[in-house]
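Chain lettering (A, B, C and D) follows the sequence in which the chains are written, and residue indices restart at 1 in each chain.
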Amino acid sequence: MSEEKQNNNQLPTSAITNQSSSTSEYWFEYPVRAQPHHTDYLGVVWHGTYIAWMEEARVECLRSIGVEYADLVALGCDLPVVELSVRYHRSIHLGMVAVVRTRMLEASGVRIDWEYVIDSPDRQDLYVTAKVTLVAVDRERGKILRQLPANVQDVLAKISASLNK
Amino acid sequence: MSEEKQNNNQLPTSAITNQSSSTSEYWFEYPVRAQPHHTDYLGVVWHGTYIAWMEEARVECLRSIGVEYADLVALGCDLPVVELSVRYHRSIHLGMVAVVRTRMLEASGVRIDWEYVIDSPDRQDLYVTAKVTLVAVDRERGKILRQLPANVQDVLAKISASLNK
Amino acid sequence: MSEEKQNNNQLPTSAITNQSSSTSEYWFEYPVRAQPHHTDYLGVVWHGTYIAWMEEARVECLRSIGVEYADLVALGCDLPVVELSVRYHRSIHLGMVAVVRTRMLEASGVRIDWEYVIDSPDRQDLYVTAKVTLVAVDRERGKILRQLPANVQDVLAKISASLNK
Amino acid sequence: MSEEKQNNNQLPTSAITNQSSSTSEYWFEYPVRAQPHHTDYLGVVWHGTYIAWMEEARVECLRSIGVEYADLVALGCDLPVVELSVRYHRSIHLGMVAVVRTRMLEASGVRIDWEYVIDSPDRQDLYVTAKVTLVAVDRERGKILRQLPANVQDVLAKISASLNK
């Protein structure tokens, strides 16, 4: 995969470079293991499986700073994915462990960007890099919020504070 | 339920034998194809995939007799699965086509039983037999209904009538 | 759901009763959390999701006694699911934690039965009971083995020994 | 790759604009319906579901021009996804029908780009736009091919010819 690697090195790789200086240096780590139901006919993790793993890592990252995702939903605020970009660098085989590393970029308005690096526990093998953008939506009206509701702002302020620790 | 017990004791054939005489002879047919995301590391359809296919076949069977599942939900009536039994006879490989054949047994009270046979289009290869039991639930209260609401009864009468044509 | 509960109490509940006396008293515990991707339009865990959770619990149970599932596959021995029965007692909502408890019944010939109870961490709420039967298959020939290969027998003897500790 | 970068900077339209002039005007159409298992707690299609739908549309598009995906795999050539970008414009609710429209951009070397537009049958509502890049890989060696094997080149020539009809 050396060719792939070269490509990666040359690429803009929007998912992992050029973080703004306000970004936290903190990466949340969420380990996963490739179970049979994650794999496809090639014996490796099916490319769509990573979308689920990244969602789990987001939810657990929020929990780690005291934000229960189910509580956000109960507040009437949903955070649907509006953009997603993924680069697949190397496959994960049945039985292997990987670590989904993620960090939230500082929320600007109602958009929240998350960066992802999925690699081996020893960080020697890079599997996936990705970026996911969420938007805060008023669940009842199904509309993107121009301004976040006060209670959700509190939550995001909490998130932001935790990011800049 | 005693019938269910007997069937279980008689396995391996519980999923496909002993249909009561009141059962419709009509089987709804829903063709599927094994796509890459359906497969696992063995190159065959992952055993959990069939659960999704059987759900799709149920929904499309209902649609074929004029019942939109989403409308049922809007009526406040949900039909969650309360029991599921599946026997895997033969694997389906990447790219193969199969036919999910299903029929609804006559609804008794709030329980609705569905039988399944998944086989090849020429019916020469049997892949899966299964049985799924749904219960009508009042969505708001999260309770199993002792009696179906009138509008849902109308729907099920329609279903029943279609079964006994 | 009291009605449902009564039903459960009356039922044969093939999935959880009448274990043979040779069965281990040891239950392996595998905690799971209901993430957004596990849920369906009702806000609860989709019924097919449990199939994946039960597979994960099986694989991790084997790992806990020193058997790597990927190694079994490399030995040329696969353990496909040939039978599956599930009873859904109560729903799991977004964000909730559950514990998948499983134990393997003593392997008889080439069949291995697993029992499952999925309940709340405090064991007060029962969500799912299930039974899954695996068969040892010679991967190259795609045939069910009449007798297990020697190296796989060693593995299963190890499993059996661990069960009867 | 710099083109990819530019596209990203120009978002939100990267997925559907600036097709090169050599691109076919032909869009393959693959209708889908939002079934219960596709939805999440919000009652809409979970964002990862689209990855599966896009894969199905790719496989069926290839089949429509006489290329069986399973045959490609048998030839020793796999086409894993190496890049994926998705924009979610509007949600699809339980029971709704959508059309996955896709076209392949002319294959350059071993990379094949697919564009996607997922919208309503009447084309009035846009749900998702996306772009997926595949790379031809020698399955045995797990390496990206510098040059495609002759038999696979034949297949891709066939694809290319069909594109430029």
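By definition in this document, a residue touches a chain if its C-beta (ideal position, glycine included) is under 8 Å from a C-beta of that chain, and two chains touch if they have at least 3 such contacts.
Note that the coordinates shown come from a computational prediction; the quantities given were computed from them, not determined experimentally.
In terms of C-beta pairs in contact, the better-connected of the chain pairs B-C and A-C is B-C.
Ranking every chain by how far its Cα centroid lies from the centroid of subunit B, the top place goes to A. Inter-chain centre distance (subunit A to subunit C, centres taken as mean C-alpha positions): 30 Å. Chain centres here are Cα means. That of subunit C falls 36 Å from that of subunit D.
Centres computed as Cα averages put subunit B at a distance of 23 Å from subunit C. For subunit C, residues that reach two or more other chains under the stated contact definition are 36-37, 41-42, 48, 51-52, 55, 73, 94. Those residues of subunit A that touch subunit D in the complex are listed here as 1, 3-4, 7, 10-12, 14, 41-42, 47-48, 51-52, 55, 73, 78, 80-88, 91, 139, 142. The touching residues of subunit A, counted against subunit C in their complex, run 35-37, 51-52, 55-56, 59, 68-71, 73, 93-95. Residues of subunit A that touch subunit B in their complex: 36-37, 39-44, 46, 48, 94.
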